[in-house]
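Labels run A, B and C following the written order; every chain starts at residue 1.
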């Protein structure tokens, strides 16, 4: 049986961050992922915000990890070649009676160690963000709040880990965990393996794993958040991320530019039973329309290009569950917001604990630099021309809306953790993420996937499992 | 590098514009086409019904395109294939076009005139905010059309189609012929968005029900579509509770409208009409930027390619006249053209009597179905033309022909009025 | 008997009324705006016909399939037989517009011809 020092269960942003931090050390590490790609769970559908860190209660793991993660993000983004921008956030107060809560939020931020906080009057807030509604009577400004691409962050961390020797196994569901003398025997749908330590980064399914081995039980509720993504023509509607004062079920509906220049509205917050329930609801979309209008006026919702839902892993204790909760079993559970912001810090923290526990030495040849798929459309013309001269495939545009070339798609397919599905290509390159939502480019991307990965077009999938796109060949050799 | 006329797009509009420009005396006409062949979307429209107006015979899409491609070849009009325009700009008064291609790299050139022929794209499902999951098996009708007609693959076996646009209707028949079961076509509006003949020959012929005033209110399935729920809608197009019907299917096709692709037009600062989502053009089909012309589906969505060709030829001729200095810059004698009654928009939006030809075709659509209707042209309130139209429908483009002789100078406004005969 | 039809001869979609006698013979066609409409009305109530368009597999071509059409209309009742023959057919590249891909499709006496050129690979 194969033996590893550490097995990380879950290739979301948290698992990938832990894996990357582990890869700074000498040892044999593996990441086990039940879906076909990194970031297929909570990491693919969230607000894509790097929070400043004023929101969580002082002394909580959420507060500590958020502030640290937010501090780490600029340098990390540069190392991993992922776009990140500190566009600043405004938490707006809509009711003069709630101004003390805004003040309290400010104080909490100071206590959490957040830099760059400022309390603004309604007029001052509107001056900085002209589309704020007339109802806004005060705002907390947070200069360090940022926007990031959550797919890029997850992939960047995972590819950096893989580049430094971490093994990734996809379509591999963990079905059982058993304590052994030297660690853990991990049962998967493709057979067992052994590891000295296990990291539980299983997102909305983390309670199931935890409860297999720990006496003190966890209860994770998948909390659905629905979003609307608007066309880039609406991307300038606000410059800052606009939050409303947090309520009982989370941070409420935000309106924010995305790192790629779209406008994002969301999320709702509805507790659901099923950890795979990603259905968008009419009620949820109506709620977004109603609530977003409270803080921001004239949100051009007619420019919506897609709506989607994600699930946050809400743990009953309302904080992250981090650390060694059973001998050699390390939890990274209950990672809801601010999980994306906290991921680098969680990785650093848990990998540190594990290294100490297993006595892992630092690796001298760790390479922190990872290069993503080049973004040709963002290069100055001369550089772009040079790139096309080097590789003519960069001159063949496949996705017209986002101007993504065949060369970029080939890079994504042949990357360290290469794309194997349509969604995999989309998240690595943005092909299909534009205003036509893959109408024109998907047949072309399917062809490239089939050609490069030597598979039949019938086996090209949208994401994992039974998500094949075409069902039958109707002409030519081996047509039904 | 400087080119006389650059045509952006080598579909039916681009081909007709290029041919007309060359025939009108332009020496240097270049077509930039992003696909690997000319003909545009016609290459996947393998059904017949094209060309009745132009060629007096019923051609398939590829046959129709081939006639223009041959003519362009005979005229030695160069076309760069696989060339995607990434920027349209203006520098020191000159128009600049930048494109990338595998063979040419990144090329920036000046153009004496540009004809926008980028066509349109399908409205995606995201724009509908349909509740439910996002599994595999949801296609725009055009994507399914390409998979079936060009790649030879069937995207699904049990199909529901939302929207009764022509592509959806055509695909209902096409997939039925390939062995799929098309369970129904649901249309939000009380009328079809497609041509009547397509309802008959694509749905009625195969017993496929068309459910008017219905929409999809839920999509089920995690990995692949497993079913959809459709419901009737009220006069405000809102679903009526209690009318839901679950339909098991593995595929949902969307044919819910087309949007002119004007990203490049916006880039260069062309004024866009909110009614058509296409450039606001004058009688010469010239946009708000002198020397930039527009035609075909990038200007406004057409239902017949014959009219695209006709319109595009006009744009091509005008571009040739423009570079030859024959029509001068936009005229100060412009008369505003406005839609009246049930007319929703007009193309063009202004007319210069001095620049116009002896006759000028104005194209428009109505907002709602009109029975026992009439089209009137009023110049400063005076009726110049009155034509009866027994039926007008939003899905079918209407036209009115203006005559140069109606204008003596100093006119303020032309109204294209459509509605019920009073 | 009066048959109410929508003409598919052109995009106008005229509403036709076709009157037939007891033997099924056409007595009159009204509502049409052209000769094609009258022809369509007469045929549609006696022996309806359609053009079939589809694709045929290409071997050795730059494209996997070539669009095809029946050269003229075929009886409506023969559409699926014609499709079955089209599905089985193959054509060797290069293909030119008008090339006969399938002669006498499904016994209709009508050829299926290529509607697009496909170059050899």
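Definition applied: a residue touches a chain if its C-beta (ideal position, glycine included) is under 8 Å from a C-beta of that chain, and two chains touch if they have at least 3 such contacts.
Remember, predicted model here, so these are calculated numbers, not experimental data.
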| item | value |
| --- | --- |
| Overall pattern in which the protein chains touch one another (line/ring/star/complete/other) | complete |
| Chain closest to the assembly centre - both centres taken as Cα means | B |
| Mean-CA-position distance for subunit C and subunit A (Å) | 53 |
| Chain centre separation (subunit A, subunit B; CA means) in Å | 38 |
| Computed distance of Cα centres, subunit C from subunit B, in Å | 26 |
| Sites on subunit C at which at least two other chains make contact | 55, 57, 64-65 |
| Junction residues of subunit B, two or more chains touched | 148, 150-152, 178 |
| Multi-partner residues of subunit A (each touching 2 or more other chains) | 474-476, 479 |
| In the complex with subunit B, residue positions of subunit A that touch it | 228-229, 233, 276, 278-282, 284-285, 304-308, 377, 381, 384-385, 388-389, 392-397, 400-401, 403, 405-406, 435-440, 442-443, 447, 457-458, 461-476, 479 |
| Touch list for subunit B against partner subunit A, complex | 34, 82, 84, 86, 98, 100-106, 108, 121-122, 124-127, 129-137, 140, 142-143, 146-148, 150-157, 178-179, 217-220, 222-224, 239, 250, 261, 263, 266 |
| Interfacial residue positions of subunit A with respect to subunit C in the complex | 474-477, 479 |
| Complex contacts: residues of subunit B adjacent to subunit C | 43, 46-49, 52, 58, 60-63, 66, 148-152, 177-178, 195-197, 199-201, 205, 303-304, 396 |
| Footprint of subunit A on subunit C - complex, ascending | 55-59, 64-65, 87 |
